[in-house]
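Read from first to last, the chains carry the letters A, B, C and D; within each, the first residue is number 1.
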Amino acid sequence: MKCRKFSVQRNLLLWIGGAILLVIIFVLVFGPSLCTHDPLKVDYTLKLRAPCREYPFGTDGMGRSVAARVVYGLRTSMKIAIVVMLISCVIGVCVGVLSGYVGGSVDLILMRVMEVVLAFPDTILALAILGTLGGGMKNQIIALALVRWTKYAKMARDETMRLKKEEYMEAAVAMGNGRFRIVLRYVLPGIIGQILVLATMSIGPIILSGATLSFLGLGVQLPNPELGLLINEGRDFIRSAGHISLFPGLVTALTTLGFNLFGEGLNDYFDPRLKEKAVSD
Amino acid sequence: MLRAEHVSKSFCVGRGRNTKIQAVLDVSLEINKGEHLGLVGESGCGKSTLARMLAGLIRPDGGTVLLDGQDIQKLPVKARKEFRRKVQIIFQNPQQAFHPRMKLYETLAEPIRLFHLVETREQERLMLEEAMERMGLTTDIFGRYPHEISGGQAQRIALLRSLMLEPKVLIADEPTSMLDVSVQAQILKLIRQTTEENEIALLLISHDMDVIRAMSDKVIFMHESALNLN
Amino acid sequence: MEEEQTRELWRIERLQVFFKTRGNDIMAVNEFSLSIYQGERLCLLGESGCGKSVFGMALLKLLPENAEVLGKAYYKGMETVGMSEKTFARLRGTEIAVIPQGAGSSLDPTMRCGKQVEECLRLHEKENSQVCRQKVLSLLKRLELPRLPGIARDYPFELSGGMKQRILVAAGIVCHPQFLLVDEPTKGLDWGCRDKVITLLKKLVEDEETSVLLITHDFNVAKSLADRVVVMYAGEIVEYGMREDVLERPVHPYSKGLLAALPQNGFQAIEGFSPPLDQIPKGCRFHPRCPHATGRCAQEHPNLTDLGEGREVRCFYAEG
Amino acid sequence: MIKYIGKRVLSAAGVLLVVSMLTFFVMQMTPGDTAYVMLTHTFFGTGDLITQEDLDIATEMYDLDRPLTVQYGEWMLGALKGDLGTSYIYKKPVMDLLKLKLPYTCILGFLAFFLGLLLAVPLGILTAVYRNRFLDQAIRIGSVLASSVPGFWLGLILIMFFSVKLKWLPVSGMNEGLKSIVLPCVTLMLGMMPVMIRVTRSSVLDVMGQDYMLFAKAKGQSLFQALLHHGVRNLLPPVITMASLQMGNILGGSVVIETVFMWPGIGNLLYNSIMAKDTNMLQGCVLTIALGYILSMICADILNAALNPKTYRGGGRMA
């Protein structure tokens, strides 16, 4: 009875991912009220305290509670990730559907633009942009969005082209549907599934690259906390107080894991190959 | 009524070298009111491409397609919609001619809503139920999805959807080649019956001589017009 | 005819095939019992969705993972359903061969056609490539393929549907199998190629005197190639017998309907539709569409009754 | 075939040109005048002491006042001749610095790339062949875990564990030869392997579902033989395409990893040039990495074209 087990397994991925996300959301919403310490208050007497009941994640070089900073840092990181995902999703899908559906010269131009953006590895392009525009959260969001939209555009274009060849699209045109109506009623519902999967699957990498940029000092500027920044702060104390870098990294990994698992489960859910093949003669 | 004058179309095929396959070369064809025309030819000789050009789905490279004397590619938007109503097409693979995630009631109601044939939803439902009876289909199909019905049923629904708009010309692109022999007979008889009743001109396309001989008054042979111009 | 068919090649007893889907188990083939004799050409005739291909694939253990096969099948006395894949694989290619459905997708797009036909030879007879190539070329010549020997070096996408089908036929019989399963040889081919493939198959099968299980929905193929015809409907046998009896004087109402629906017999269609395999009606599976169905047909499921000289039918009222 | 390669190289050159133009003009738009930024960085801590007249000298010295297009033209000519201008902070020609640092990045990059492929592809095939069994689940969960871990943090953790606690491997730098390359290479590898495993798995699954594999089984071939004869050529294209994309990730990742491990490669150079706003140096590094990335994409295209007979046998002939 192998196929029974498989369907449970598929939900397993969704459940684990969902559970982790719930924890993250809980921390996001209730975190600040829960932790008693002010993430920015400096108190050198408490410098480099090891993790204990009072300070669950210990304190950093300036005596600030790492736990409090991680909670606020998570908020900023998530804010950046969500905004980047939304911007790149909207731009990417519009460009993708437009170039996929209209085709012809529009498609060619957009393809060339994408090729230039794709000529850079993701981090390099983000770095180049930040290198020129300077650091700060706003520029970090712009840089990440500029890199990410191509993934959505490519997916939307391929799916639109695939759908365009289907016969029911031709039938819809023959029925008298206007172009705009076809895009709304036929094309978009067709790719919503894929967009959802790509969105959840791309939040993880966005968090990671966001943290990387802050780690390099190009993203969110001190003193407001961001996960990448926190890890960077701990670099000098690697030998003596590893916990300063350890816990922010763990939380980042956990958040990304949550999104990745949820995305993977969603992908299996939408993946036609996993549905039992219809009994054909 | 619907006329094609020296129509031709070629496609670029294959990556790398630009090999052009000439699908349709200099074809002229006329369908008059209430006439039953048969178009037969080897598979891959451009029959489907010609059908799609006549239905205004593909823009011909050369020549023009005229409806009542007007070039259908140059029609203004309003007239283009009217053209869609007059010329309907049904395809070879019935299951794929419907949106896979839309219930069949929605698919059937779409033409009615598009052309505002009725005002209220009750009239729409009545109209559809009565049409289903005529086609010999049960109304439980309304709630089903395209992959939940058989090929024969799907082709009947495609036929019904096209006839809702009382078209002047019906183009049938190999309607029965994917169906089994017994179901094939039903569909062909239905097409013949409905087109004669409502005075609809029919262009039946197939690669099967028996089907064409049994169904059409005039027969056109499409010679091997796929020339390779690489 | 009777004495020659002494040695039984296949004996199939109550073969059943289930497909496990998330919802329920779909029974694609129900209680299939039949025997195929040495050198005999049996045709499995039925419309799409009646489970004939599923039966063929089940016999040769080529079904996908979620299929489950019950019952027994004996090939030359060896029970095959329970046999391990390793031992059965030794029979594949040399003794038991397949000409699969869907000529387009059954050829590897990145390998030259000639090589795909040779593959079977080299796998089993271990001769050097020169001898193999000669054998393949002579076989392709017998199949009247144009542009020999150049065509052997062509790739599948460069051939037309009819030629791909002939390459498949060549790949199937190159190792001179004793039993050949031919699945829908004419499906998807257009009118001209269909006759060509039928005549070629007829010639080849007579020269090789292999026994053939032919699966098709096309009457002409059955008429010109088969000795015995089995008519299938909704997953079970409804009638079988010698070709002349079944194709000219059918007994079962469904077979009669099939015959009447042919274009040359005036297109009299059978009402209704063949039921999908997950909504099988109670009693006789054909009763919703049968012109002279009675109450009993709707309740009771008829068994195959023997009408003598090897003819059987699954109907209460079929006259002899 | 050659025509196909020619076309690919040409389009790549075009993209490179556009990329260089893009970086150059975007660079010049930086907030704050280049001269000012340059001076503050060359003479540390004197940000506020710089007077207008210092700025004029600097502008004139590095002739920054000429119109942008002229500067770009000159820079482009120089680039073609191999002179990418001089780096403000290192006071050396950019080209020499690049030549000095390139081998380090290449060693690290290629080692991580090929070792990663060597591990990921077999694992991908295994997960596909033993679908839904324990092996498949374990590897998939492992790869999801690996892809959720931030690269730089993993580096720090590895340093903390192996160098600080166990003292097996050096913390950073290049001085101990082979031993010092282990940690950065492992970090980069773990970054690229999850995606490669996933792509290989889905490609193998697609191929295994094809009819010609079923026909190969019917001919008597075992699954392994069928995969070898028919599977390999059909499942490679998507794997090769993703591999070239992963080469980009490695180049991109090198910036971070080299910074964490103090590895003297182009990535580290790029990071320093960003921090110091050294436009010429930044331009040189970005171009080198973009060039490397485009080269890997061209190789992937050529390999895919070689594998797919359609490209060099022209369109389908209607025989």
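We adopt the following convention: contacts are C-beta pairs under 8 Å (C-beta built on N, C-alpha and C of every residue); 3 or more make two chains touch, one makes a residue touch a chain.
Keep in mind the model is a prediction, meaning the values are calculated, not measured.
Student: For chain B and chain D, which third chains touch each of them?
Tutor: A, C
Student: Go ahead and name the chain pair joined by the largest number of contacting C-beta pairs.
Tutor: Looking at every pair of chains, the most contacts join A-D.
Student: Comparing chain centres built from Cα atoms against the global Cα centre, which chain wins on proximity?
Tutor: A
Student: Centre to centre, by mean C-alpha position, how many angstrom separate chain B and chain C?
Tutor: 34
Student: Can you give the whole-Å distance between the Cα centres of chain A and chain C?
Tutor: Roughly 52 Å separates the two chain centres.
Student: I'd like to verify one number: the distance from the centre of chain A to the centre of chain B, where each centre is the average of its C-alpha atoms, in whole angstrom.
Tutor: Roughly 46 Å, centre to centre.
Student: Give, as an integer number of Å, the spacing between the C-alpha centres of chain D and chain A.
Tutor: 21
Student: Where does chain C touch two or more other chains at once, residue-wise?
Tutor: 48-49, 160
Student: Quick check on chain A: which residues sit in contact with 2+ other chains?
Tutor: 2
Student: Of all the residues in chain B, which ones touch at least 2 other chains?
Tutor: Each of 44 in chain B touches at least two other chains.
Student: Taking the touch rule as given, give the residues of chain A at its contact with chain D in the complex, in rising order.
Tutor: 2, 5-6, 9, 115-116, 119-124, 127-134, 204, 208, 211-212, 215-218, 228, 231, 234-235, 238-239, 242, 245-246, 248-249, 252-254, 256-257, 260-261, 264, 273
Student: For chain C, which residues count as touching chain D in their complex?
Tutor: 60, 62, 89-94, 97-98, 100, 102, 105-111, 119-120, 123-124, 146-147, 154-155, 157-160, 163, 168, 171
Student: Which positions of chain B touch chain A when the two form their complex?
Tutor: Residues 52, 55-57, 81, 84-85, 88-89, 91-93, 96-101, 110-111, 114-115, 147, 158, 161, 165.
Student: Over in the complex, which chain A residues touch chain B? Could you list them?
Tutor: 166-168, 170-177, 186, 189, 278
Student: For the complex, which residues does chain C have touching chain B?
Tutor: 47-49, 160-161, 190-192, 217, 219, 257-258, 261-264, 267-271, 273-274, 276
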